[in-house]
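So, here come the structures, one by one.
In what follows, chain A forms one complex with chain B and a second complex with chain C.
Our next item is the complex of A and B:
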């Protein structure tokens, strides 16, 4: 009897589940998928951001692809990506290994390390802008010429500052990932190595690093794909300047769209941004990454 | 003796007696290296924070006569007064409205979706939705900002806090569903079965069984989303215009543009706007940090 009475609700339940997913699905379709499709569509139009939208075929694409600004923006984006990866990865591994140690003082230092993770890019950029001010900043106050340069006014220096501030903001996050990775390495491996007489350095290179392979790929994917979306930080620090020295793709898109009112070409840049991101995520996945899917986290 | 008992630990350990100091010396050396890197990084992180904090209590007129790394002997709250008088309470409330208004619905709908996906895994439709959310993780917000701007204009929501809330919900959904579904999957099947035998509907099971059992995951996901949205800059920059609709990061940027030369005041604004998050950090550090790596730890 009871089996018979429990059947109708079960049938009813089957139909309920798809409805439970609807609110999330509709929100996601409306404000993420539709915009993604929309940006492809808008790249074939001309629009000033206020008036009517005109379909103009490949005009915007031709304009952008023949503009020397595009290869420059791609190059700067690539440089930021490569250099910030090369700086952040060794630092994050070193600090991650350091934090995975058992000593109490390391955990105490960890409390300070992770503070930058809580702050907004805007706040960090503004604090650094004040700190690096050649007349009123920290360097000027200490009266050290080397430190009181026009940090954000010279192309090479401005690029270096961006790499430094990016690292300052994101190394904590990646060392957190590495700390977790290190803690998952079986202790027995180290014990065996110790019995074989391998020193700490040897252990690091022949156990820790190889065991961290997947962690390195995950962290690198997040760094590389995330670096495509550095916007807030660069926008506040340099606005792409001096000149266009730090004008990365995301900034190029914003400036063309919302400052020069050329939404068509800006959409072309956005499409390129999406394609480059996908390409990089796929490439890194080929290298053996497990969850390349979570790749946009750093940029959000 | 030692060679006859190779399986025993002790003889093995003491056997390479000559190598023992060799192996322990590099260990100590690396600890110096690791420790050195650790303390160096502490300085790198702490000096800008410390400098920003102490400078925010100095007077604009004489702060650069003093040693920048020594706290003012005559601290002042004038900078903070100036910041508060620049309507920062309103911006703070705007940030609270946007964050709460986005995180609560986002986590709610994500939880329902995650539950449906786990429970209805046999249905092709739900697996397809799951695949869509997974792909959604790879959509960068920046690249979709122009169509979002267009949609918001068409909805007559430009310069309205709701314009910030709606896209924030959408972009919070993929990761939230992924993490929550992982946790719901861990709930033992027998518990669901016993609920069903008792005649409970999916709706009841969702709230009475799944929600309480996955509460830590819900908290974690909420924290991650809240931090992301609280610190968001691009959406307010593009989708709002009037000062009344500013959220904290945008207000900070505007304040800096207006009073850039007044370094202590700008830094007071930075300190004040980061204070709420830092207070949370002081109390719930573990939760916050685990929230940040929620997507990878599992």
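Our next item is the complex of A and C:
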């Protein structure tokens, strides 16, 4: 009885809730909504970043939408998104499943896999840039011709390098998500499958993968929306080059705004980035199906 | 004590703004008594700049200058953003020209014309040619400082001996040297192509040697279709010829000049020649160990192109570096900055240090110091170029407005990548520089 009376009355509890939300809400408003409104307003102006801001209506929008640089940047962004998803997802699932098992040295290997995630993107990019330098890098140092390609100087190769480095950095993070997902799967499912004579491969495709459906959606959303804003890594590695071979939307925005002093068009691209990001996130949620809230464990 | 939605929104709207205001107050130009000064890092130049500030601070214990350093390419964006946000340092380091013009047009820098009239002794002790890029519409907005930096063709004598060849005397010599070096697995030219302005130096010289100084002048003046003149197309074609012949080091488009990797190629005998600013001498002396003292570093002006109109004495580069004063600074800070211009910039100690590093300071009457330096030959060479050049053009990316310069640099990279033809290059640029 005493336990019941010591609990605070219900209405008081409800009053505390808004206060708990406040810090997060304020951060969100101050650092996400407010700048967003600012950028939207700037996209209807002409501003060199130094002088006065002139409202010029749709001039910046027209300029950007008619620039062949935009479809190119969109295409590169899409390619980075799609290819890095296609490389990272299978790798992350396999590593995640492996780490969730009970093999020897699993914990040690888990820590080793995790290391890239603890390094800053800029540091990773600088290290790879040095390693891949065709004249002073790894290939030249070890005298291996295969390794002393012009890695960052040829469009196709530079794109491949970026996908590789991005994957190298983020696969550990997604593996961690999958590891957690796999550990949630009830052991009874596997036991039943074993009794029915299903082998390891069959178990993976018939139990593990379907049970990971929502984990896959979560991880894919993070990958896809995250790859829209890849900036630091590409900026340090190639600066969008060679030429504009790796110039993704985020880099295009930076270059227009801060190097060419065209804040209006840069804001237009920022707005496009936000719209594409929202659209993709919504789309991925839809992929989860209408019963997204339903349990995967029905009948277990 | 329920919170209504309205109070929540009210709080939400109010707090970030006040928080933001509180967050910004610390480093604003109006606060504090001392002046602030931002400049480029990277030795050996950084040490000389810091030394001049230290000396001034020591001599004036009441008025202090607080200095902060930045990497070259990062500084170019940082300073623009800071000025735009009203957070500029008191003393703005720069290259003059087109960028200075945008500051002037936005009313962000002080007009120094009358100050120079009052302090004619300051003006008189500097190279007269250095004031061109500090002047916008007849008024002076910057104090020229530091050194004169023409672009020079550096070469490695060791590798020239190895293949038994002489330095090029013409463009045709350059083209015939290329296969000879390639046969010995030496890159004919080192180039830090990712930095973009490095590629631009090639066009600056080819435009001058083929079309004469008038060619780029017509571009600066915004003449219609100036980039598609036959001489311009010829120069653009020549540079692509050199790229096609593998004249530039493998991987040049991913090498940055900020890391000095392009210089390293030259002093490690991996490349034979390099077109670079005169400041490169100091870097090679600093980093190249025995390379410079042993006399292996050769230098010459860019050779003429057969049938070209340009005067071979013409050069291009940075006539000086420039210091402007932010118009947003307090009166007190402006006074400190002006005192620094009068009694801190290019004093004897700084002049001596520049000379020791192999640069020619823009102060007049240093001939004796130059001649007695351990780098006397190179300094005389630079001094002669600077003082005898018929035309000393300012680097294009500094002479043009930032917007036009960005399009230019972007297209230059594509030109070197062979992903645009000379004609496409000209069309793209006519669209931004023509009136």
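Note that the second predicted complex is superposed on the first by the 257 of 300 C-alpha atoms of A that agree within 3 Å, B and C clash if a C-alpha of one lies under 4 Å from a C-alpha of the other, contacts with A are read in each partner's own complex, and residues count from 1 in each chain.
Following the convention adopted for this analysis, a residue touches a chain if its C-beta (ideal position, glycine included) is under 8 Å from a C-beta of that chain, and two chains touch if they have at least 3 such contacts.
Remember, it's a predicted structure, so these values are computed and weren't measured experimentally.
Shared-chain residue A:146: touches no atom of chain B or chain C. Once the two complexes are overlaid on the shared chain, A:173 sits against chain B while remaining clear of chain C. By the touch criterion stated above, A:241 is placed in contact with chain C alone, chain B being left untouched.
When the two complexes are overlaid on their common chain A, residue A:111 makes contact with chain B while staying clear of chain C. When the two structures are aligned on the shared chain, A:134 is found in touch with chain C, with no touch to chain B.
In the superposition on chain A, contact of A:18 is made with both chain B and chain C.
More residues of chain A lie in contact with B than with the other chain of the pair chain B and chain C. Overlap of the chain B and chain C interfaces on chain A: residues 18, 25, 30-31, 34, 49, 129, 133, 136, 258. On the chain A side of its complex with chain B, the touching residues are 5-6, 9-10, 12-14, 16-18, 20-21, 23-25, 27-28, 30-39, 41-42, 49, 91, 94-95, 97-99, 101, 106, 109, 111-123, 126-131, 133, 136-138, 140-142, 168, 171-173, 176-177, 180, 194-195, 197-202, 204, 218, 225, 228-229, 231-232, 235-236, 250, 253-254, 257-258, 263, 266-267, 270-271, 273-274, 277-278, 281, 291, 293-297, 299-300. Listing the residues of chain A that touch chain C in their complex gives 15, 18-19, 22, 25-26, 29-31, 34, 48-52, 129, 132-136, 150-153, 158, 238-239, 241-244, 255, 258-262.
Chain B meets chain A in the complex at residues 12-13, 16, 19-20, 22-27, 29-31, 34-35, 37-39, 41-42, 44-46, 48-49, 51-52, 55, 64, 66-69, 109-110, 112-113, 115-117, 119-120, 123, 125-126, 129, 132-151, 166-167, 169-171, 173-175, 177-178, 196-197, 199, 201-203, 206, 227-228, 230-234, 238, 248-250, 252-253, 256, 260-261, 263, 266-267, 269-270, 273-274, 277-278, 280-281, 285, 288-289, 292-293, 295-297.
Of all the residues in chain C, the ones that touch chain A in their complex are 1-3, 8, 11-13, 15-16, 19-20, 76-77, 80-81, 83-84, 102-103, 105-108, 193-194, 249-255, 261, 264-265, 270, 401-403, 406-407, 410, 413-414, 417, 419.
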